[in-house]
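Below are two complexes that have subunit A in common, paired first with subunit B and then with subunit C.
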Partner chain A sequence: MINLLLFPILIPLLFAAILLFFPKNISLQRIISAAAAVATLISVLFLLLKVKADGVQAVTLGSWDAPFGITMVSDMLSVLLVLSATIITLFVIFYSMPTIGIDREKSFYYPAVLFLLVGVNGAFTTGDIFNLFVFFEVLLMASYMLIVHGGEKPQLRESIKYLLVNVISSALFVAAVAFLYSVTGTLNMADLAVKIPQIEETGILTVIAVMFLVVFGFKAAIFPLYFWLPGAYHAPPIPVLALFGALLTKVGVYAIIRTYTLFFTMNIAFTHELLGIIAILTILAGCIGALAYFDVKKIIIYNIIIAVGVILFGIAQMNEAGIEGALFYLVHDMLIKAALFFLVGIVAVIFGTSNLREMGGLMKTYPVLGWVYLIAAFGLAGIPPLSGFPGKLLIVQGGFEGPQFWGSIVVLATSLLVLLSAIRIFIYAFWGEPVKTVPLKKRSYYQMFVPAVILVGITVILGVGAELFMPLINGAGEVLLNPSIYIDAVLKE
Partner chain B sequence: MEIIMSFVIGFLFMAAVYLMLSKSLIRIIIGTGLLSHGAHLLILTMGGLGGTAPPVVADGVSVSDYADPLPQALILTAIVISFAVTSFFLVLAYRAYQELGTDNMNLMRGTEDND
Partner chain C sequence: MRTNDVMLKTATKVVTFIILMFAVHIFFAGHYTPGGGFVGGLLTASAIVLLMLAYDIETVKKIIPVNYVMLTAIGLLIALSTAAASIFFNVPFFTHAYDYFDLPLFGKTSLHSAALFDLGVYLVVVGVTMTIIQTIGEDE
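Let's look at the complex of A and B:
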């Protein structure tokens, strides 16, 4: 038993609490929040090495043994996601400094970002389904604050809807937990994985599994529960949007992956086929949105929904290729979405609008920005050797090995639509006749551009060096495919 | 007793859905309050109502007839969270009313044109 896996949760919590004491001192806020993210990153890297060397790590709070105490579990999947979340938060903090504005920085912006990281890392690490609910609420509370932060009219209007949707889904979460508890008598995920196969009435468990799919589907924005996402994510400023787009839906996706591979496996023929069909519908709905709008933010927002569908389609196959592809794609998507939001954020700042029709000719004035955007767009669509390719390849392979081969065809076909939607931004904003741009100081341009370039660079390394990262993804996939590894690590200490 | 509680919970959910479907923001917030009350009662009922049995295994109490202590701990957590969220929601609603000048959800639709 080691406490190392609690550090990615505790470090940002501690620093966020310290930051609350001096909101007006901006330079100190900036330095301490960046230091917090760096410290978290270092602790996650140590944890990654530990998990890679010794397998799944588990700690029970208060030293109550596993089914009774609250368990925190770090397997390869959770530590990879915690790592991606921390990297993204670090770059969002750097990107926020020139873009978010002094007024927001003076009113608890950085503490809110760190509290969000607390909730996200906690949700990725917890091994108890009720504790998952608590960490969901922690990250939702921080996200309520970030989405309304600044108090502009669209923000207030959209945050009410966002809040309402999440309050309803939280109430459903509590109800679903109540049903699960009454049927199984436990809430520890490893203990659930032991108890559920012993229960003979799979009908009631299937109902509960679908209830959890609805609950997590609200967070993950699956079809038809994604309706709140485009409006809500359009309101806040770009750094917040990047943080939400990269992290929040992925927490929902992670929760679906964890519950649907660890213990809701009693009726795969129904639940996972349902998940596969919903995933395909999610992809199609996202594609329609991504092609319909002329707003750069909206186009990338709808691409979030497409990616959620692609990942869940891989998971629904429940075979090695599908799951490993989905995990690779999940990590890739978190990084590439943050990078793309950063880049379109710069484009939107340069033109002073996010409407594509009022853009043009940026290639002459900002050629490097154009090429970096093109690389990110190719990475998003999955053109080899960039990072979208290995994940999508494995997902498609998993689909052809499973019963839903037609889904793989849809995934392949929609890749072209994803490419089209991302290239439309390139064509409209970078080609064509130059239009009037907002003058931008060199210094603040580079402050925005450098974090974006580094993130794109990380995704390129992830794609080109996929062979280096595959052992980690294999390790994560192995735990998901053999729940007994997870169960043994938690229950037999 | 569990049957009666089930009806109470069902009634709370029904009232919550009715209130949340109305246009006025304050009714919607009251609806979310009722919804979380229903969910909390559901946890309590699903854990099994213990009657007068003690929630600890003491001398002379067999494991079969003691009250499950976990549901009330879960509810306590859930109540604190829903309290915080509801208070935040009320503040947000008041601020939105000040800025937007309306509490009618029909007038809060955002489209690209009037964004």
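Let's look at the complex of A and C:
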């Protein structure tokens, strides 16, 4: 099956197209979308086994040979991210059923979620820089629809900003791709990795590398390009927020990782030092936001920005510890962010508000929710043995081995601020005097709570069983550190 | 105020068919020369929009009783299943197949699986364009 690596892209696309036929039949919509996510998950697991056994998989569409045809490549990094994205989408679909509301379910909510998964999985899998743009557009189209879906006033206001920012960054993306093509004469990533070291004038390539950093930085929400994120992500309902927060910024982060390890390596002293400095500034800016707000959604949203900084700092080190730490942290962060959004979503539903000042005393009525949230918060901050710890440890180690040791100190110090920001929610919402809560049916509470608990459980397994997952992360890091593996798999030389 | 639109309506009755024929021509021209499902779809949509301008949305809905969202979904399925046929032959996705046939009237003709894919693209383009225009047009 040479097309196996396309299945995680094709299955959601097929099911999304089928779902368009009967938008009003909610029970069918629910069953089929969940079945689509499960089928995708099974195909990803097969793909994971295949990649683990046989190494990097590549297929060039339409039988046109690689660098001319569009290549789709699945290495360990891409398959791990596709796996995390699919797991999260599956749980978001389950979480949506009790929370998103009948009206939204009747107007193409589930197809939009599946189309988003098509774009995300495609962006993780593609081996062609222009095709990456195409899949960015696919996921952006779906995200435009999801952010405005329901048409509440804040949603309409924020979607205009979101649209403007993304249209501008997409235009920049095409311009940057055009510059790259005019210098190298190719768009295939493996071919770029061959051609770029042969070009002697690194000045222009450095400019292009920084342009790509700006383009992907808009998507990944790095300093100072994150300004659109807190407002835009605050507007849509919680399941959509969890989907965006866990997946969309990570696609930008993945694009930076891929381009900055595979081919923009001609001037590491400049580009990667710049990346490292921006990463540290991103962490600091995120910390300020996470501590400044009294809104549970905003606090977790600013934690997305902090995590983006931590991951990119690991990548900027370009050594084994830094990159492997960043990859582990990337997978951990996708899962833990989805879990945290689910949990604060339940808290916000129970109190009928997302303002921390109007909360309190939940520990007496919902003790299990409190303890699960505490575990997730500790995992986010990276307290051993939870899943944030191994990744952060490796990133810090990578920083000390590299030139930017001061960055590692910042990462360590800000971990405490992350912990503080997450614990603040625990203190305000779960401790203190009980305040009036919105009555919630037991059944819909469990429908929300179970997906959240399973996700937290997965992150705990990821942390406690880090030894088991490290071979996979090592495999992913190996391809990033030795681009020749990737190049050989695509160009088959 | 009702304007006198006899000219527009009369011209539309003729021009719509010319545009539709041209759309079909462009669609089939697309394989070797400029054209294809995307442009053909846009031309077809423009013909329907012209009808809407000359008459009104209700009348056009009566003339062409098509649910454009369904049309998009059908187009997606056609395009996807054409491309997915390559999965069963275990060749890279999107690999096309073609052969020459002796057809009555046409003579020796090359038939491509890519044309079926383009038909899917055509339906998706018509469906999406008309959905957008109808949604904006109905919004009073």
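Note that in this section the second predicted complex is superposed on the first by the 491 of 493 C-alpha atoms of A that agree within 3 Å, B and C clash if a C-alpha of one lies under 4 Å from a C-alpha of the other, contacts with A are read in each partner's own complex, and residues count from 1 in each chain.
Here is the rule we go by: a contact is a pair of C-beta atoms (placed from the backbone, for glycine too) under 8 Å apart; a residue touches a chain by one contact, two chains touch by 3 or more.
Note that this is a predicted model, so its numbers are computed, not measured.
Trainee: Sharing subunit A, do subunit B and subunit C clash or fit in the superposition?
Mentor: Aligned through their shared chain, the two binders fit side by side on subunit A.
Trainee: Per the contact definition in the header, classify A:6: touching subunit B only (first), subunit C only (second), both, or neither.
Mentor: second
Trainee: Determine, under the contact definition given at the top, whether A:164 touches first (subunit B), second (subunit C), both, or neither.
Mentor: first
Trainee: Now for A:63: first (subunit B), second (subunit C), both, or neither, which partner does it touch?
Mentor: In the superposition, A:63 contacts subunit C only.
Trainee: Is A:231 touching the first partner subunit B, the second partner subunit C, both, or neither of them?
Mentor: A:231 contacts subunit B only, not subunit C.
Trainee: Which angle, to the nearest 10 degrees, do you get at the Cα centre of subunit A between the Cα centres of subunit B and subunit C?
Mentor: It works out to roughly 40 degrees.
Trainee: Tell me the contact category for A:292 with respect to subunit B and subunit C: first, second, both or neither.
Mentor: The answer is neither, since A:292 touches no partner chain.
Trainee: Can A:21 be said to touch subunit B (first), subunit C (second), both, or neither?
Mentor: The answer is second: A:21 touches subunit C but not subunit B.
Trainee: Is A:153 touching anything from subunit B or subunit C once the two structures are fitted on A? First, second, both or neither.
Mentor: A:153 sits against subunit B, while subunit C stays out of touch.
Trainee: Decide which partner touches more residues of subunit A, taking subunit B and subunit C as the two options.
Mentor: It is B that touches the greater number of subunit A residues.
Trainee: Between subunit B and subunit C, what is the tightest CA to CA spacing in Å in the combined model?
Mentor: 6
Trainee: Do any residues of subunit A touch both subunit B and subunit C, and if so, which are they?
Mentor: The overlap between the subunit B and subunit C interfaces on subunit A is empty, containing no residue.
Trainee: Which of the residues in subunit A end up touching subunit C in this complex?
Mentor: Residues in contact with subunit C: 1-3, 6, 10, 13-14, 17-18, 20-21, 23, 59-63, 69, 72.
Trainee: Applying the document's contact rule, which stretches of subunit A touch subunit B when the two form their complex?
Mentor: Interface residues on the subunit A side: 130, 133-134, 137, 140-141, 144, 148, 151, 153-154, 156-161, 163-164, 167-168, 170-172, 174-175, 177-179, 181-182, 187, 231, 234-235, 293, 295.
Trainee: Taking the complex as given, what residues does subunit C use to touch subunit A?
Mentor: Subunit C reaches subunit A through residues 69-70, 72-73, 76-77, 80, 84, 86-87, 90-96.
Trainee: Spell out the residues on subunit B that touch subunit A in their complex, using ranges where they run on.
Mentor: Those residues of subunit B that touch subunit A are 20, 25, 28, 32, 35-36, 38-40, 42-43, 45-48, 70-71, 74, 77-78, 81-82, 84-85, 88-89, 92-93, 95-96, 99-100, 108, 110, 112, 115.
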